[in-house]
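Here subunit A shows up in two complexes: once beside subunit B, once beside subunit C.
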Partner chain A sequence: MPGDPIRRELARLRRPALAAAVIGLAACAAGFFLDRQLLLRSYLLAFLFWTGLSLGSLGLLMVQHLSGGRWGFAIQRPLEAAAKVLPLCALLFLPILLGQAEIYEWAHEDVVAGDPVLELRVGRYLNTPFFVARAVLYFLVWCGLALLLAGKSRARDEGAASAVKWLKGVSGPGLVLLGLSITFASIDWSMSTEPHWFSTMYGLHYMAGYGLSALLLMVLVMARLRHWEPASRVAQPPLFHDLGTLSFALTMVWAYFSFSQYLIVWSGNLPEETPWYARRAQGGWEALAAALLLLHFVVPFFLLLSRRLKRSAVVLARVALCLLALRVLDLYWVLAPAFHPAGPSPHWLDLATLLGLGGLWLLVFYRNLGAAPLLAREDPRAAQLESQAHPA
Partner chain B sequence: MTETREAAPVVAPGHDYASATAAISDVVLRRKPPRAWFVTFGLGFLGVLVLFYTMGVLVLKGVGIWGVNIPVGWGFDIINFVWWIGIGHAGTLISAILLLLRQEWRTSINRFAEAMTLFAVACAAMFPIFHLGRPWVFYWMLPYPSSTGMWPQFRSPLIWDVFAVSTYFTVSLLFWYVGLVPDLATMRDRVKNKLAKVLYGIGALGWRGAASHWERYETAYLLLAGLSTPLVVSVHSVVSLDFAVAQLPGWHSTMFPPYFVAGAIYSGFAMVLTLLIPLRKLYGMGDFITMRHMDNMAKVMLATGLIVAYGYGLEAFTAWYSPSDFEQTLQRTRMHGPYAPFYWSLILCNVLVPQLLWFRRFRSRLAVLWVISLVVNVGMWLERFVIVVTSLHRDFLPSSWGMYTPTIFDISFLLGTIGLFLACLFLFIRVLPMISIFEVRTLVSPNKERGKGT
Partner chain C sequence: MTTYRPIHGLMAEFDDPDALLAAARAARDAGYRRMEAYTPQPVHGLTEALGRRPTRLPWIVLGGGLAGAVAGFGLQYWINVVAYPLNIGGRPLNSWPAFIPPTFETTVLFSAGTAVVAMLALNKLPMPYHPVFNVKEFERASTDRFFLCIEAGDPLFHHKHTRTFLLGLEPLRVQEVKS
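What follows is the complex of A and B.
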């Protein structure tokens, strides 16, 4: 459709994304020659954050297929668009695969030798062939689910009656696969930066964080597109109220998981477990922890209780943007102390990798978003929407 | 049973205000209780007598009559406590969280599930109190300025339990009662017996159904729902901490809080199904508790069951991935040790059998669903047995390993609480409307404005 306002808006959004990608990746290229190790360690953080947006979207997409609800109908297409960036994420994983030795200490034979914990773990699990095989498997599952779900949803637009049942039928087992793969991917890619440490909560913590990130992104997308047909039909106060409430819930779930893990480690006070927190409670990392507690839990708790705030697209989008930044900070606090135990040492490469990967991610996301009608047709919920011409 | 399955309605068609009100309130006011009521209540009452006898012996002789020993200092008492508390989670979940999520179908089952919650929590509370040995000084657990200088150990999750459980019970009771007030007024207006009229009238707190009453009621109910929601999560999280803060392999796991909460909801929904499927038939409530409810509850069970299975899987992975001899030995002991049959029955009951719920074929057969719900009830009991006993019976020092065998008093205490639970539940059905009348009225109303919440 020529002159489609949504397309025009997406084209406008593409320009800064392109600029970010070019500048970020150019800076990364410079970093490659300056300090490869620093680059790859920053890169890991950026990769986990942006891939997380896709994974969280994939999860929410399947949840809404199962649960129904008008919020899910409204953001279905943006979720599909975000999930469909996963093939790009697979490509972006290559530097980590090739640069394992720069990131993970278990990839060094001399470090492993003589350390009984590492010898066992590297022998069983954390060795390069198995690591690669698992990564391939994760991406196969993720890309497969994302492409299948998005494809079937388009087929439903064309009137394929079987697609409705199919989407529900795949989403249940799909969520099981997604949960398992995120758990093990978080162990492989993030927890193994400190390979002596282990926590059973880790995977759940990542899942909550990724789900929240994706939801916040959806708030931003819907707030941005709310003025134009057909987004304007759904992007009304009730939708933002729902998205705000769900963000509130997931923020609390994140806090619950984080605190439970901390409390149990603190009470057990075991030498295998406390170093992880000890490292994050010194040299300036404790300030980040306090900031997370305050800004990622206390403040959003009170803000997102407000019905008025949640129903205002502009204000909710601002809160979502801040929370999304805090999601990066949370990942930074979880990941970076492994590399910088002495204290936070932010580097321009952290920013460059986030910008570069983010620019690329967003470019593909915008393209996907423009490639399909923004509202799914033939969804049972579409008819409901038509029947209530003026949503309250 | 051949009942419709495709998008079954929440209330069967053809009902209006009067017929819905009559159908529900007549169970209490007009109809004679069916024979099955007398039989089940009688059995429950027998259980209560057994419970009283057991408690009597326990108070006279002390906890030595139980099978607990060193190293297994926690036996049936803690297993049953956690089991009952878990069952008590469905009620508040259904009434509070599903209300906030605007799930209309909760309306016909919330009253019953809440009542079940209260009785289950009451049964649960008995175990730790009697495990104290001197139950008459249970109030020592409360922080009050006593002349003895006793002060609770605030770092112990066992003390948090006291607060968590008592808060949960109080808020659940309030929630249940507030939800009952409009219905008590209906009962007051319909009952013929003078004394009953006065009693229902006292309970109805002068409810006249004025617009101002409804407005305040809605606000209060929504606030209570908001208050109850964190409680659903907190109670079983605290219970899980009873184990997780210890250093014992099999107990010390950071995932325990959400894993326990999922297990609690799992067993709670299983118990709701176990009770509702026969009751629905017995009282002909199929119009209000439809296949839609059964299907949704089965799905919630499947989802929470999968989270629980994730927990078992991750525990096994942790042991395999752990350099600690103790962790590995514990997992081996669970799978191959003297209590291995319990572990494998648990996997069968909680992981394998519930996978049938993926298929609508099984979800829509009430008999199958009922058997699965019973199996899950047993499975969740076994889970607590495995967690408590296998972790304790072989700890770090092989010289102090031992075995645990429950005595007749352990078993009679458990059976007694089951009796108490049944007796209370059947009394509730006899004297109060088991389905929220006024909320069902909003479902059959031609303009469905209320009952949606925000």
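What follows is the complex of A and C.
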């Protein structure tokens, strides 16, 4: 349907995304000749943020297949569209793979030699061949799950009765695989920037953050499309109420994991664990930590308690946009002190990489979103929707 | 003329939720405010149709939660700093990071407790007597019938006119509720 208003809106959205991609990538190209190390370190953050939107969406997609609920039915297709950007993310990982030496100190033989801790870790785990093999495995699992789930969901539209059972059956084991792979990927790509330090909470912190990011994106998508058929059938106050409540829960989970990791390190008070926090408690990083505590937890906690706020698509979308920006800041606080221990030193390349990758990510996301009907048919919940025709 | 006897209100009986919803909207449009609906299952939109103001319960629960947080943190602070100071591994007496998990738990505990007690209080429960049970058919409010009761306390309530109004909504029957 060329006259489809949703398609027209997506076409409108594609223009700024294209502009962001062109400007951002051009700036990145300039950065390549100016300071390759700075570029790649900024690139890592942008990559982790945008890939996180896809991974969080993949996780939520499987959760809603298992849990049911009208919120899941309403955002199922946008979640599938976001998860299906993962092949692009695999491609975008190549610069990190090729530029390992610029990002990770464990990739330098002279740094590793003579350091007994690093010698052991690099010998058994953090070496280039194994690093590459694991990355390939993660992307195989992620792309496989995303494409299979999206494909089966389309098959269900066509009336394949087995697909309903199949989607549930894959989602359970799929979530286990996703949890394990995100844990290992966060260790490989992010935690290994400080290779002496380790934390078993690290992967969970990423999972909670990614789930929250994906949910916030869904709020923005549904708020943007809410005026047009068929999104208007589901994008009603009860849906935004549900999404707002889930965002509230996930900000709390994020705070819980962030704080638990700190509490354990603080209680243990061991010399191999505390440096990570010591580094993040000086030179201006402590101000960022305080800002995150306040703006990423305390303020959204009280805002998202309000039923009236959650039921208003416009206000909730504004809160979601601010929180999504804070998600970047959280990643910056976790990642950047490894590279800039003296204190936060924002650079235009941070913005350029976020813009460039974001533009590309959104272009593929919008294309995926336009490629399938926005509401799944043959979902048991679709019939439910028809029966309660008048929205509350 | 019969002698005046105070009544609780007039009650219309319906056999499906949509008819009740329409009746509640009509009654509200007619200006009635003091009315109550009784249903065997939750009916979407009924609260709005009756014109109920949003419940105060969330604010009370918020207050309970904050009180729980203050009480939980305060108890630990008082024990560790004031009443029984102990040097544990050289840490400061006011080791606030360690106080956070119990503080969270007391916040949840006080919120949940406040929610239950305040819900009962706001609903004026337990209530050993209520006039609606004087209507014999009312027992079906817990199985398959939907009731709308316009109370005599409403300023617009008039024995004859209100009955005529309710009959106009085409209920199964309209009955007087003795108080």
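Heads up, the rule we're going with is that the second predicted complex is superposed on the first by the 392 of 392 C-alpha atoms of A that agree within 3 Å, B and C clash if a C-alpha of one lies under 4 Å from a C-alpha of the other, contacts with A are read in each partner's own complex, and residues count from 1 in each chain.
Everything below uses one rule, namely that a contact is a pair of C-beta atoms (placed from the backbone, for glycine too) under 8 Å apart; a residue touches a chain by one contact, two chains touch by 3 or more.
The model shown is predicted, which means the values in this text are computed figures rather than measured ones.
Colleague: Specify the outcome, clash or fit, for subunit B and subunit C once both structures are aligned onto subunit A.
Modeller: On the shared subunit A, the partners clash.
Colleague: Which partner does A:Phe339 contact after superposing on A: first (subunit B), second (subunit C), both, neither?
Modeller: In the superposition, A:Phe339 contacts neither subunit B nor subunit C.
Colleague: First (subunit B), second (subunit C), both or neither: which does A:Trp228 touch?
Modeller: In the superposition, A:Trp228 touches no partner, neither subunit B nor subunit C.
Colleague: Looking at A:Thr183 after the superposition, I want to know if it touches subunit B, subunit C, both of them or none. Which is it: first, second, both, neither?
Modeller: Only subunit B is touched by A:Thr183; subunit C is not.
Colleague: Now for A:Arg307: first (subunit B), second (subunit C), both, or neither, which partner does it touch?
Modeller: Touch partners of A:Arg307: subunit B and subunit C.
Colleague: Can A:Phe297 be said to touch subunit B (first), subunit C (second), both, or neither?
Modeller: A:Phe297 contacts neither subunit B nor subunit C.
Colleague: With the two complexes superposed on chain A, say which partner A:Leu263 touches: subunit B (first), subunit C (second), both, or neither.
Modeller: Touch partners of A:Leu263: subunit B and subunit C.
Colleague: Of subunit B and subunit C, which one touches more of subunit A's residues?
Modeller: B
Colleague: Identify the overlap between the subunit B-contacting and the subunit C-contacting residues of subunit A.
Modeller: Dual-contact residues (subunit A): 263, 267, 307.
Colleague: Okay, in this complex, where on subunit C does subunit A touch?
Modeller: 44-45, 48, 54, 58, 62, 89, 91, 97-98, 100-101
Colleague: Could you list, by residue number, the parts of subunit A that touch subunit C in their complex?
Modeller: Within the complex, subunit A contacts subunit C at residues 259, 262-263, 266-267, 269, 305, 307, 388, 390, 392.
Colleague: In the complex, go through subunit A and note every residue touching subunit B.
Modeller: 116-117, 120-121, 124-125, 172, 176, 179-180, 183, 198-204, 245, 252, 256-257, 260-261, 263-265, 267-268, 270, 272, 307
Colleague: Would you mind writing out the residues of subunit B in touch with subunit A in their complex?
Modeller: The touching residues are 100, 155, 230, 233, 237, 241, 244-247, 252-258, 306, 310, 314-315, 318, 320-324, 358, 454.
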